[in-house]
Every structure is written in structure tokens, then in C-alpha cells.
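Please go over the structures that come below.
Paired with subunit B in one complex and with subunit C in the other, subunit A is shared by the two complexes that follow.
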Partner chain A sequence: MSVLTSESGAEGRDLLVVRDLRLGVGEGEGSFEPVVGAALRADRGEVVGVVGESGSGKSLMLRAIAGLLPPGVDYRGGEVTVGGIDVPHAKPADLHRLRGETVGMIFQEPMTALNPTMRIGTQIAEAARAHRDLGRGEAKARAIDLLGRMGFTEPARQYRLYPHELSGGMRQRVVIAIALAGEPALLLCDEPTTALDATVTMRVLDLIVGLVSDLDIGVVLVTHDLGVAARICDRIVVMYAGRMLEEGPADKVLRRPRHPYTLALLRAVPTRETTIEELRAIPGTPPVPQEQLPGCPFAPRCEFAEDACLREVRTVAIEDGRTTACRRHEVLAKMVEGAGV
Partner chain B sequence: MSDGALNPSAELPRARRAAVGRSLGGAVRKRIGANASLTLGCVIFGTMLLIAALASVIAPFNPDTQDIPHALTAPGVEGHLLGTDQLGRDVLSRLLYGARIDIFIACGSVLFPFAIGLIVGMLAGYRGGWVDSVLVGIIDIVFAFPALVLLVALVFVLGPGIGTIVIAITLTDWVSYAQLSRTSSRREGTQEYILAARTGGIPTRRILFRHVLPNIIVQPIVLATSDALLIIIAITTLGFLGLGVPPPAPDWGTMISEAQPYLNVQWWLAVAPGVAIIITGLGLSLIGDGLAAKLDVR
Partner chain C sequence: MAYAGFLIRRLLQAIPVIFGVTFIVFWLIHLVPGDPARTALGLHATPAAIAKLHQEWGLDSSLPAQYLNYLGRLVTGNLGTSLRYQESAGTLILERLPVTLWLIVYSTVLVAIFAVPLALLAASRPGALRDRLVSIISVAGLGIPGFWLGLILIQYFAIEARVLPAAGFGSGFTGHLESMFLPSLTIAIGIIPMVVRSLRAEVLRTADLDFVVTARSKGLSERRIRWRHVLRNALPPSVTILMVNVGFLIGSTIVVELVFSLGGIGSLMINAINGRDFPLVQAVTLFFAFMVIFTNILGDLLQALLDPRLEAR
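Moving on to the complex of A and B:
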């Protein structure tokens, strides 16, 4: 694949910047904001994991980055910049450049992400032609090349297969090939391995990691699986109730959490050593997005919470280039350092 | 890599594998057993098409040649297998040529509403928003008129003729296709592969025709087969009302209409074209049923 060019990289800015992003649903009475103050940065050559439970606004934020909000959802504030394109205010021509050429996206369910009536090769070639002035033959050659890169052993023959003739893992590789056909600088992955079984998951993750170094692309990986995040992410962003709670290098965040929610998530992950008694569910339920609290969204369920937590929440920078939205992170730090997780 | 599916032959659809290595007769029998109505419908309608195509070869007489002295003869007399009409024209020959005209008009009158309705419905369903509101408004207005009344009024205004019939039917009939494809495009538009195509920056027109269309076209096709039947009935109704194909061209509806005064004596004059309509309709609706079952239309 040819060397990808990007003006943003040359200027030394981040490929992707999301700052204080707010997304709203509806107008007037029933209006609410499922994403409030989301933040994210990603650059070439790194994998940024976004973890959080269902309904935390992860997927919505991802779609906001691609400029593809579902009907009824709109930008309410904040910044989304990808490769120099201001997404919420982009003109149609910029949006076309954004999709496929700057960002590619892969999805949770590889069966539904492929058109069942079209050959897989045609789908890849079509995505390539959407952005490059390629002839039919060139596009086909490019599709075959991509299939080979994705680990298909006979790409020239498998080019002609239909999605239903492939297993889940192979389908997900096709989805990745489509996403990469326009040579994007940033790959957005929305729970790419949730629908796959464990062994296939590992291969797909390895493939993604390989692409990051081979193609020098940036990856944003949305997942609720901390194991997946731990395996391939360089940095991790923890989201809860549409808000960023903690951000930092993956090993630091997962080993020494500086937010009680991250700690609670880690304690809820079963491992070979944990007994059922040690496994701790997080008490309570996440807030419904319609009830926006002024303070920390996690405070009602948090064992470290004090009164001030319910009144105000602020994101602070701490050591190792990390940030946390917990005002009591020092208390937490002492406890974690003392006892281990 | 051993992903399990690298050998796709293991995952070939069962039907395709089953079709390999069996005798033709066996395959045909299997087909008929699997979908009798589709096969029977195709045979009936295929025969009708064949008759229409070969009308000039198999018709014993010229359908327009009048022979007043031999008007209203009984079936079988002087080689007129179905007798002659009030102008002495051979009924069988008119019936065969009528198939040509009526089926030709019916096919044309299905094709245009099908294409127009599909595109309009797809646009409305996929685009949504104000485009959808406007198009749905237009569809509802056309739906609000009784189709047959609108059809008669249109033909009356435009003047009878084959082209007029096709135009009038197109103007009234496209809405059913539009409504059907709007609903399914709407559902299809929320599918992830459409989102994937949009994320890939694929142009909207291409998304519509390459991604949405192939996935919604089955239902309109099934509708078209049953619709063709209704259109043949509409054409014969127009013929019966004197607004059909201008004479002397043979048309089943006109034939029934002209046979009215003789119904209690020479009843076969009306019954013969009536039976032709029923058989054609039967063939078409069998095809429709069979297709719906085969393609698993919900």
C-alpha cells in the first residue's frame, strides 16, 4: 500500500481530537444528552481503547467522529476534528473526504455490515473506487491485494465469494478490508470482536495491531471487554454515562486505576484466580441519560463518594500524562498502591 | 490461517450442492415437487406468451377479416372452431391475437409503474426528512382516488389507444410500488452495511442502486406478478367500457363487450375471452404465490 499522506501529521497535531463533545437527542421537553463532555485523542501508530458499559455513549461518539449521527441525534457542542476536518461543521465535500479517505469504520456484527447480495470483492473494489480514480481492473487488483493482506489464502478466487459463504472471522476481515480500501488514516472499530468467538477474536485483534504498524494508521477501538482493551491498546479512555472519567496509558490505567469506576470495572472481570465470592458487581444502575446530575455521574454508586462529588465534577491531569474526573483520586491511589487490585 | 472457512466449498448452500450430479428429469421432478405453483404458473403463462408470439402462425383466419353472411355461426361450423362474431370474424383468431395485445399492454403497464414506484419509494424511504414527507404526500393523494375511476377519467381525457392505457395505468399504479419499496428501503437504510457504505464515502446514488435496490426488490417483483393480473382486468374493463384498444384490433375486453347482446344465444362469444382472462390470471397469480414462497417474502 502506498504511503498515506495527511496534513495533520505533518503539522504535528493529533490525527483525532474530540473535546467536550456533547450530543443531544430531540428538542424541547423530552430532549436529553446521551453524550456530555466526551474527550478523545488519537494519533497515527497508536491504538486508543474506549471502554465502558452499554449505553455509556461509546458507539455514539464513534459515529459522531465519522459524521454519521443517527437521525434525531445532533451535535450540541464541543469539538471533533479529524485530519484537520471540523466534523460538526464540515461541508459535504469535506464529509466525503472524511469518510473512507480519512476515517474507515468497522462494526460489531460482520454479517450485517456486508451487503448480502454483492460479492465481497466487489464491495471492497467499490470502496476503493469511491476515493481513488481507479479503473475497474485496478480496483479489482487492489481488492485482491487487500484480501491477501487480510489473510485470505486464495484472494483471486475468494474475491468472487458472497458474505454468506464465509465464517464470522473471515467476514470481519472483509469488513476491515472495505474500511481500509480508501486508505484512511484512522480506523474506527465499534466492538469488532463481540460477535466472534475467542480464538477468532485474537486473530482479528492481531490483524488490527499488525495494520497499525504496517500502515501507520491510528485506531480507536470501542469495547466493553477489558481483556481486549488490555491486549492491544496503547491508551485507554474510560467512559461512563456519556462522559470521560479516566484516560491514560493502557497498562497504567488497568494496573493502577485513578477512578473508582475503573477500579469497579476491573473487579468485575472474572479471571482464573478469582472465586465467585471475590467477583464484585457494581452496586446500583447507571443513570438514565434523561436525568443529568450536576456532579459526578458515578457518585451515587461510588464507595469513595463524598458530598462534594454530587455537586461538581472536574477533570484533572495527574502523573504519567493521565487525566481523571475523580476529585478523590489521591485517596484511591493510596488504597490501590497499598493493596493492589 | 485456519479460520475454519478458508475452504468455502464446505459452506456452499445446500441447494447448489444438491443440484450437482443428478439427472435432469430428477431435478425437474424435484423442482416441481418443491414449488408446484411456481412451475404450473410458469407453464400456463409461458404458454400464453407463446400463443401471443405465434398468433400469426397458429391463427386459422385473419382476425380482422369480416364475413357478414357468415356472422354468428356456431362453433365448429366451416372451420371456425369457436364460431364467428357479429361481423363474421373468426373468434379463435381474435382470441389469439387478443392475447398478443393484452399481454403486451399488461407487461408495459407493469414495467413503468414498477420502475417509477421503486425509485420514488426508495428515495423517500432512504432519504427520509422533507423528501419523504413530500413524496408520501403525493402517494397518499393518488391513493385517495379510486384507481378505476381515475383510470377511466384519464383514458377519457387522453383519448383511447394503447399508449394512453399504459400512461393512465402508470399514473395510477406506481403508488403501490412506491409505498412498498419506501417501507423496505426505510428498514434497509438502518442496516449496518448501508452505514458501512456511507462511512466508506460511497456516493448516494450508488448506495441506492447497488446496496438498497437488490435487497428490497423481491417484494415489488412478487407484487408485479399479481399486479399484472389486475392490469389485464383493468385493460379488459376499459375495453368493456369502450375505452380500450380502438377497433378493429382484437382485445378480450372489447370482445366481451361486443358479445353482450348475444349472451343468451351465442354465449361462447363472451365466455371464450372470459376463460382466456381467467387462465392468464390463474397463471400469473400462481407465479406470484410461487415466487413469494420461494423467495421467502414476509
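Moving on to the complex of A and C:
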């Protein structure tokens, strides 16, 4: 299996490069690889969406980028480079620079992502002090400034609040402030709005989009919500069973999918234009990571699949700087162009 | 302060408990069959002495009247008069209070000093040699009877190595610190295992929580993560365990005071029981009960101080 990264010339300048990443769980008998051949690129000033059903390895890939793999999960191969740091082989000093200073991370559950016994301001200030030689007062001023930028109306007073005194949306803003405190170049967001209600989701997304232009940072946004992805992402990576299936500019991927799985995801989303008859659940179930097939992981559920799909999978570059792992993408393209999605 | 309100609420909640305790303590003397005055004074007491005690204790009035009378005395701070010492029980207790307080506070401090590092050590690598060693030491500590441990400690540290005194309260702060070390350690060793076990489990549970990943994602040092984030959040439940045990510990002071010849409230209790000094037994029992209630309230207060989420309750 090979993974082609697009030859756009941006190579080498990329802030984040993930290539053919493999992550393993456990050793010996019960060992398996929940991520096999994941790929991702991100640069300053862009929002890259990672979409896919739950269990497809999105969270593990993000944690692998930040050097925060959970105990029992390890790197089995491939490349992860962020801001020049070779993450799988990073020494403790590099890991320290990586976490907070190069990469900031936002989590799915704002209710549990904060330390319940520490004031929110202190949690931000300690993140700022971890990387800069700041005095207590300076760190506090920085935390208050960040709270203000996150939309807290009285940051100097709210600095002293504890997490349980805030709503989910406000807590998520604190998590974002923590992630930004070390002035990272890359923000990794793991389903940051899944736990929030619709209006709060919009505000938090707008906040993140604002940061991209204000601070010129890169954002990787994991989501299973295609609506969210369509709204703020510049590029989209579609993941399935620990693998990258399709990648390209957001509007292209979402309007003209070049992988049947993307098409299936789109058909499963209710929109104003779709009618109930058109809305279709994806048949079958996602593969369990314990059972790896040699071919395309989606083939057993795919209406376009032919025998060869079950034997081998290759990622190829197509038009508009896009890539797809579907050998039948041309057939799919004709159908999509003909009928619309 | 929010804590003042919290404290007042806890004190109010303690009132029914306090009533219950006074009722039981009042009943103590009536639990023994026969005439309480005769029981107290013994077989050879003169009828005149018995009549005098009847009058003093108001034994001729009805039980409810006697209880109200007893409560009335307590409210004015009168804990009764010791038959044996012919002195106010309250004064006797106050005289011996420093020894017992030293024992309780000192052993609590020792528990904290030993339990926190042991629990962190054990939790740093669950299942590894260090973890198993800590749990073996803990089981041993739980199994050793306090009086025997006390005697062993006296044998090694006081008689053979001669580094610490074998008995007595010592004088001055450093004197107390030296003299009370072995007795306090004896008590502490009985409690450390329970606190270590709870704290180890709590540290392991906390280390898996999401906010620890957040802390790590900030690039903090492992040391800061361990102390400021993990331990800080693992502490509150273990503090409850500790304070419950301090309640039990008050009972074990009796044995330890005996072994180390300490003139504290525990030995006062033993003298009172041996001498059938009912008013003194009543007074000391009441005192111990109050100490337990007090440590429980203190535990709740500590809990509230450690966990801001409880403040609002």
C-alpha cells in the first residue's frame, strides 16, 4: 500500500505532515492496528477537516500528532512531523516544545477537560508559563487577555471562577484559551462542538475560524458533522477504518465526491434539498479494527466495488490537487456528474 | 465567607447527634442492674454515703427529670464530679487534654507524611515491584496489634538504640516532639495502610481522567502534573478516609497511652473504669464522642476546602 501526497509544491513548508501513519494497540495475540496508513497535511492559515464515522481512528491520529497517545497505544510506522519535530522519535525536550508551544489541543468534552479543583485563570496561566519565562503577574495578565479574546465579558473577575461555575460553551472557550496560551502554530480540535448545542456550536466555530486569520495558525478539525466541515474547512480528509480514503478542497470533496464512502456519508446527511426517499443510511457496519482486510476497507459495503477492490487499495492523485483511494473513482465521477449528489 | 455558612450548617446538623450521645451517656449508669449509687460506691459503702450520693445525683426523681437535670448541668459546663479524685471531671479532662491532642494531631500528621509518598510510589507503576512492596508493607501494618508494635518500637528505638524516649510526655515543644514520636507512630502505622490504599486507587483513577490529558497537552512537567493535577484531585476522598480513621484513632489512644505510660485522657478513662468512677466515665465518654463529631465536621470542612464543587452544597 502506498500513499501519495499531492505534489503541490507546498511540501517541506507544511506545518504538519502525517504520512502512512500506523498505530498499534497492545502486543502479541490480541494486538491490532486501529490506524493504518492515515495521511494528513496542514499549513498555517488553513482549516483542515477530518471526517469519518466514530471508531475510524480520528481521535487517535490527533493524539499521535500531539505526542499524547493513550497508554497501550504506540507508533508502528509512518511519519508525523509538526513544525520540524519528528513526533514518534521526539526526545522529552522536543515533546515539551511540541505540546503547547507547537501544538494546542481542544477536546470533545469541555465538561471533563478542565481540572475541577483549579481556577480557570490559573489553568490558562500555567499553560502560558510552561513555555515562556513569565512571572506570576505576567502570566495572569496573559490569561485575562486570552479570556477577554475568548468572549468573557469581565475577564479579570471571571479569571477566579472554577469550571463547575461555567456552562459547556464557556468551558470550551477556556479549553481553547489554554490551547492558545503557548502560542502554538497548529490547533488540533477533536470534535470541539459535539457536546454543545447548535447556537453555541456556531459561536465556537466562528471563534476558531477567527483565530485562523487573526493568529495565522493552522487548524485540524475532527468532526463527524459534515455541516460543520462544510461551514469552516478549506480542505477535507475522509477517514475510514484508520485509513485516509479521500482528500481535497472542501467544496470539491463535498460536492463532487471521488470516493463511494464520501458519497454514502453525504447521502446520510439530511439537508434542505434532500427528500426522505433520497436520505439513505450506509448499508452494513464499519469493520472492527481487529480484522484487517488486504483491500479497500469499505469494499464490503460499497455499491461500486469489484473483485479487485477486495485485494488491493491504492491512493491516487486526481484533478484539483485531490487524492482518492478508490480505484473506481472515474465510474463514480461519471455518476455524480450525471445525477448530482 | 462561604465556608462559615458551611460550618454553621454542619454544626446544626450535629445537634441531633449530640442529643443522642448525651442520652446514651446518661443511660450508661442505669444500664448496670441495681442501685447506681451502690454500684458506684461498692458493697461496703455505708448507707449514709449511699443516701448522700442519691441526693447528689438526684436518683430519687423520675428518669426524664434526671435526664433534663443532667442536660442542664452539661449546658452550664458541669461534666460532673469524679468520685475517686473528688474533683470536677471537666478539670481532670482539661489537665490531660494536651497529651491526647498531641497524640491525635501528631499521628494524623505522620499518616499524611508517610501515606502520600507511599501511595504515589505505588501508583507510579501499578503491579510493579514497588507497588507490591507497598501493599505488603500495608497489610503487615494493618495486621500488627498496636500494643505489640508499641512494645517493639520501645525495645528497638528506646532501649537498644537509645535514640528516643520510651515513656512520658517530655517537656517543651521539641521535648514533646521527641517523646511523642513513638506513640504517635504506633497509632499512625495502624491507619497508614487504609489511607495508602484509598489514595493509591484514587491517584490511578484520577490519572486516567481527561483533564490530565489537557494538563499534558500544555507541555507541563510530569512533576507538576502529578502533584498539582493528579494528587490534588485524588486527595479529597482520602481525606475523608483519614478523618474517619482519626475518629477510630481516638479509641486507640487508650492502649497506646498505657503502653507508653502517658497520662492522657485514655489512661484517665482506664482509671475511671477500674475505679467504677461513673461520673468520670460518663464525662470522658462524652468527651470522646464530641471529639469524633468534631473530627467529622473538620473532615467535611477540609473536603470543602479541597473541592470547590462542594462549597455550593
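We adopt the following convention: the second predicted complex is superposed on the first by the 327 of 341 C-alpha atoms of A that agree within 3 Å, B and C clash if a C-alpha of one lies under 4 Å from a C-alpha of the other, contacts with A are read in each partner's own complex, and residues count from 1 in each chain.
Just so it is clear, a residue touches a chain if its C-beta (ideal position, glycine included) is under 8 Å from a C-beta of that chain, and two chains touch if they have at least 3 such contacts.
As the structure is a prediction and not an experimental result, all values here were calculated from the model.
Overlay on subunit A: subunit B and subunit C clash in the combined arrangement. In the superposed model, A:127 makes contact with both subunit B and subunit C.
Ranking subunit B and subunit C by residues of subunit A touched puts B first. When the two structures are aligned on the shared chain, A:151 is found in touch with subunit B, with no touch to subunit C. By the document's definition of touching, both partners, subunit B and subunit C, reach A:105.
By the touch criterion stated above, A:200 is placed in contact with subunit B alone, subunit C being left untouched.
Of the two partner chains, neither subunit B nor subunit C is touched by A:53. When the two structures are aligned on the shared chain, A:181 is found in touch with subunit B and with subunit C. With both structures placed on the common chain, the touch criterion links A:166 to subunit B but leaves subunit C unconnected. Residues 66, 68, 96-101, 103-105, 107, 109, 112-118, 126-127, 130-131, 164, 175, 178-179, 181-182 of subunit A lie in contact with subunit B in one complex and with subunit C in the other.
Here subunit A touches subunit C in the complex through residues 66, 68, 95-101, 103-105, 107, 109, 112-118, 126-127, 130-131, 162, 164, 175, 178-179, 181-182, going by the rule given at the top. Those residues of subunit B that touch subunit A in the shared complex are 1, 3-6, 8, 11-13, 128, 191-193, 195-203, 206, 210-211, 214-215. Subunit C contributes residues 209-211, 213-221, 224, 228-229, 232-233, 306-309 to its touches with subunit A in the complex. Partner subunit B is touched in their complex by these residues of subunit A: 66, 68, 71, 96-101, 103-105, 107-109, 112-118, 126-127, 130-131, 151-153, 158, 161, 164-167, 169-170, 175, 178-179, 181-182, 200, 203.
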